[in-house]
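Input: structures, listed below.
You will see two complexes here that share chain A, one where it goes with chain B and one where it goes with chain C.
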Partner chain A sequence: MLHTVNKSPFDSQSLKTCLGLARSGSDILLIEDGVYGALVGTAHAAMLDQALKEVSIYALGPDLKARGLPEDRLIRGIKVVGFDGFVELASANDKVQSWL
Partner chain B sequence: MKFSVMVNEGPYTHQASDTAYHFIRAALDAGHEIFRVFFYHDGVNNGTRMTTPPQDDRHIVNRWSELGEAHDLDLVVCVAAAQRRGIADADEAKRNGKDGDNIAPGFRISGLGQLIEAGIQSDRLLVFGD
Partner chain C sequence: MSQTRKFMYINRHAPYGTVYALEGLEVVLIGAAFEQDVCMAFIGDGVFQLKQGQDTTDSGMKNFSPAYRALGDYEVNRLYVERESLEERGLTEADLMPLTWEDEEDDWAEKPSIQLVSRAQLSGLLEEQDVIFNF
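Now for the complex of A and B:
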């Protein structure tokens, strides 16, 4: 399953809830303010490091760019995709769950 | 692959209208089909032609209309959500005794059954909102 998270973990519990419920092997795509969760060295980074052992985490490139977040400041293991990659993830997974 | 998209947030609010739009464009570019775009809750505000953003800003409503025309998209506004927010086509305006309609070109007003059908008929249903 593909999970999309569009809230910053500093504003909302949705990323934490998503990571807590996502099954091993899931894809998780951070979009909109959700991309703040991909940053290295934050209070939430350890949660993502742990999650990356079980799930794949992606961040939407245009949303990183819109917020001035350089890709070299992301947690190691998080992959950056464009909207074409978003479409590919939505195709490759049999369901898409939006954590709003 | 057949996609449907649900938009639950109005334009110029956070980012849901933009993300949904760019997702749909990317899906079309990749050769996928968009079965339907369903606008629900504040998302119905994506479908009023009265929207007049500053000239240097994107025109979210016109952008939907243009994409709809170019790709023959089914842009559906939920009737109950639309009535609450003052979005009407000619029939709805007449039925509710209003002095005018405001629905944007390419949009149509219909019921929640259209969302259910989209969920059944499509391979994937993606929800964008806040």
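Now for the complex of A and C:
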């Protein structure tokens, strides 16, 4: 399953809830304000590091760029994808769950 | 004769994901015309509004971050950024846009607008205000 998260983890429980419920092997895509969760060295980074052992985490490149977050400031293991990568993830998974 | 009052605009939301940041900035720029004593505070995800290097060319949104540079020209030259909020987000002052203003009373010297303050200091600043707007 593909999970998308569009809220900042500092402002919402969406990411925490998503990571708690996502099965091992799931794809998690951070979009819009959700991309702040990909930042290295934050109060939530340990939660992401732990999750990366079980799931794949992606962040949407155009949303990172809009917010001034360069790739070298992201947690190691998080992959950056474009809109085409978003489409590929959506079609590669049987279901898409949006954590609004 | 109206008297000058102390206004603080508190910014608590990240840019782009919601419209709070843009709307708040517009209210500050409009309000600046009324010659009040205006400052801004950035707490929580609001600190992301000042992140350097915002570039919306790939996402089709309006990049309004350059508008923060105009604040100094409107005598909005005290931007208080809560240090604890920056630290929780893995950011330092070097990650923020270098915003400045020109001090008319000091031969137009360029001075930084952004001041890092602790949560306790910000609490004190809140108490000093006559009017507080929250975005």
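Keep this in mind: the second predicted complex is superposed on the first by the 100 of 100 C-alpha atoms of A that agree within 3 Å, B and C clash if a C-alpha of one lies under 4 Å from a C-alpha of the other, contacts with A are read in each partner's own complex, and residues count from 1 in each chain.
In this text, a contact is a pair of C-beta atoms (placed from the backbone, for glycine too) under 8 Å apart; a residue touches a chain by one contact, two chains touch by 3 or more.
Since the model is a prediction, treat every value here as computed from it, not as a measurement.
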For this session: Could you look at A:Phe86 and tell me whether it touches chain B, chain C, both or neither (first, second, both, neither)?
Result: first
Problem set entry | Comparison of chain B and chain C by chain A residues contacted | C
For this session: Kindly classify A:Phe10 by the partners it touches after superposition: chain B alone (first), chain C alone (second), both, or neither?
Result: second
Exercise. Touching A:Pro70 in the superposition: chain B (first), chain C (second), both, neither?
Worked result: second
For this session: Please indicate which partner A:Val96 is in contact with in the superposed arrangement: first for chain B, second for chain C, both, or neither.
Result: first
Problem set entry | Shared chain A surface residues [contacts with chain B and with chain C] | 6, 32-33, 62-63, 82
Seminar exercise, completed: Residue set of chain A touching chain B in the complex reads 4, 6, 31-33, 62-63, 82-84, 86-88, 90-91, 95-96, 98, 100
Exercise. Considering the complex alone, what residue numbers of chain C touch chain A?
Worked result: 13-18, 44-45, 48, 51-59, 61, 63, 65, 88-90
Problem set entry | chain C contact footprint on chain A (complex, rising order) | 6-8, 10-11, 32-33, 36, 39-43, 45, 61-63, 65-70, 73, 82
Exercise. Where on chain B is chain A touching in the complex?
Worked result: 1, 3, 8, 14-16, 19, 22-23, 25-27, 29-30, 32, 124-130
